[in-house]
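Naming follows writing order (A, B, C, D, E and F), and every chain is counted from residue 1.
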Amino acid sequence: QQKAQLQLKVHGFTELCWDKCVEKPSSRFDSRTEACLQSCVERFVDTTLAVTGRFAQMVQKGGH
Amino acid sequence: QQKAQLQLKVHGFTELCWDKCVEKPSSRFDSRTEACLQSCVERFVDTTLAVTGRFAQMVQKGGH
Amino acid sequence: QQKAQLQLKVHGFTELCWDKCVEKPSSRFDSRTEACLQSCVERFVDTTLAVTGRFAQMVQKGGH
Amino acid sequence: AQELLQRMTDKCFRKCVGKPGSSLDNSEQKCIAMCMDRYMDAWNTVSRTYNSRLQ
Amino acid sequence: AQELLQRMTDKCFRKCVGKPGSSLDNSEQKCIAMCMDRYMDAWNTVSRTYNSRLQ
Amino acid sequence: AQELLQRMTDKCFRKCVGKPGSSLDNSEQKCIAMCMDRYMDAWNTVSRTYNSRLQ
């Protein structure tokens, strides 16, 4: 079941990063698009960590 | 379970009204944005009532 | 249950084709909008067939 | 009809209510009624077309 | 809070990270923090408004 | 693969079929084939990047 959830994440990231990085389908990705897709996944994970960490802090401080 | 459904509505409204009312995150909402968020929820509930009521009428008249 | 899935498809197509074909709700669809909605469903089914067929070929060739 | 009502409400709210005000004004109400009628027309057209394609 | 975190992350990533680079730069980090605060404000306003409407 | 096929079909239909006509014309068909190939490339890149990040 954990594997199914991981797969769902990959599907979600593919859609999100496709929207961010791919303008027009061409016969091959250029290196910029390829790099964009990789960075998109990495930055999204970074954002998730930042948001989750900050939220945990708020909850601890009773700020929310 | 009813509470879970209510929560889901709040999540949905937040997304919808965020898209309608928030241009750029700033250090504080101005009063216009705050009012927009409130009206957005109110008008969406109004729209739901209007749509549901009109639909019920149609069904009664056998119009659909 | 199969009927429920068919209904869900109809809901999904209606949203997709509404976005593609309907600019502004008016008092009646003109024939162009009506034709667009029909073609939208037909072309989406064609696209599904094309994508699925091509994907099956790739899997057979072990290309993926 | 729950699913239809939800999707229709969402689409028509997005199409008809620009910046939400203190009540639904007259033109927004008219727009919503018209939008509903057209959305159901669209649903019917889609349903008919898809069913005949499946046969 | 899972649902809130997911939707908030998604919205703030889309708003704050234009073309993703080799790391989150300073302005992107600030934007994300601010976006979170506003998103939670919005959630609170929506929740309050909807609850009082239901009564 | 069901989920992949559905999302890919949706994305490629939106990208490649502008105003739907009486059949998929040649350029739409080519666009769909290319779009599929790129979408699977993107899926592979995303999957690889995410898996290596998780380790």
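The working rule: a residue touches a chain if its C-beta (ideal position, glycine included) is under 8 Å from a C-beta of that chain, and two chains touch if they have at least 3 such contacts.
Predicted model, so just to flag it, every value in this text is computed and none were measured.
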item	value
A-F, C-F or B-D - pair sharing over half of the B-E contact pairs	A-F
Distance between chain centroids, defined by C-alpha means - chain E, chain F (Å)	29
Chain centre separation in whole Å, for chain D relative to chain C (CA means)	18
Centroid spacing, where centroids are CA-atom means, of chain A and chain E in whole angstrom	15
Shared interface positions of chain C, touching two or more other chains	21, 40, 42
Touching two or more other chains - residue numbers and ranges from chain F	12, 16
Order around the closed ring of chains, commencing at chain C, then chain F	C, F, A, E, B, D
Contact set on chain F toward chain A in their complex	3-4, 7, 11-12, 15-16, 31, 34-35, 37-39, 41-43, 45-47, 49-50, 53
Chain B-touching residues of chain D, taken from the complex the two chains share	1, 5, 8-10, 12-14, 16-17, 19-24, 29, 32-33, 36, 40
Chain A residues within the chain F interface of the complex	7-11, 13-15, 17-18, 21-22, 24-27, 29, 34, 37-38, 40-42, 45
Contacting residues of chain C [partner chain F, same complex]	16, 20-21, 36, 39-40, 42-44, 46-48, 50-52, 54-55, 59, 64
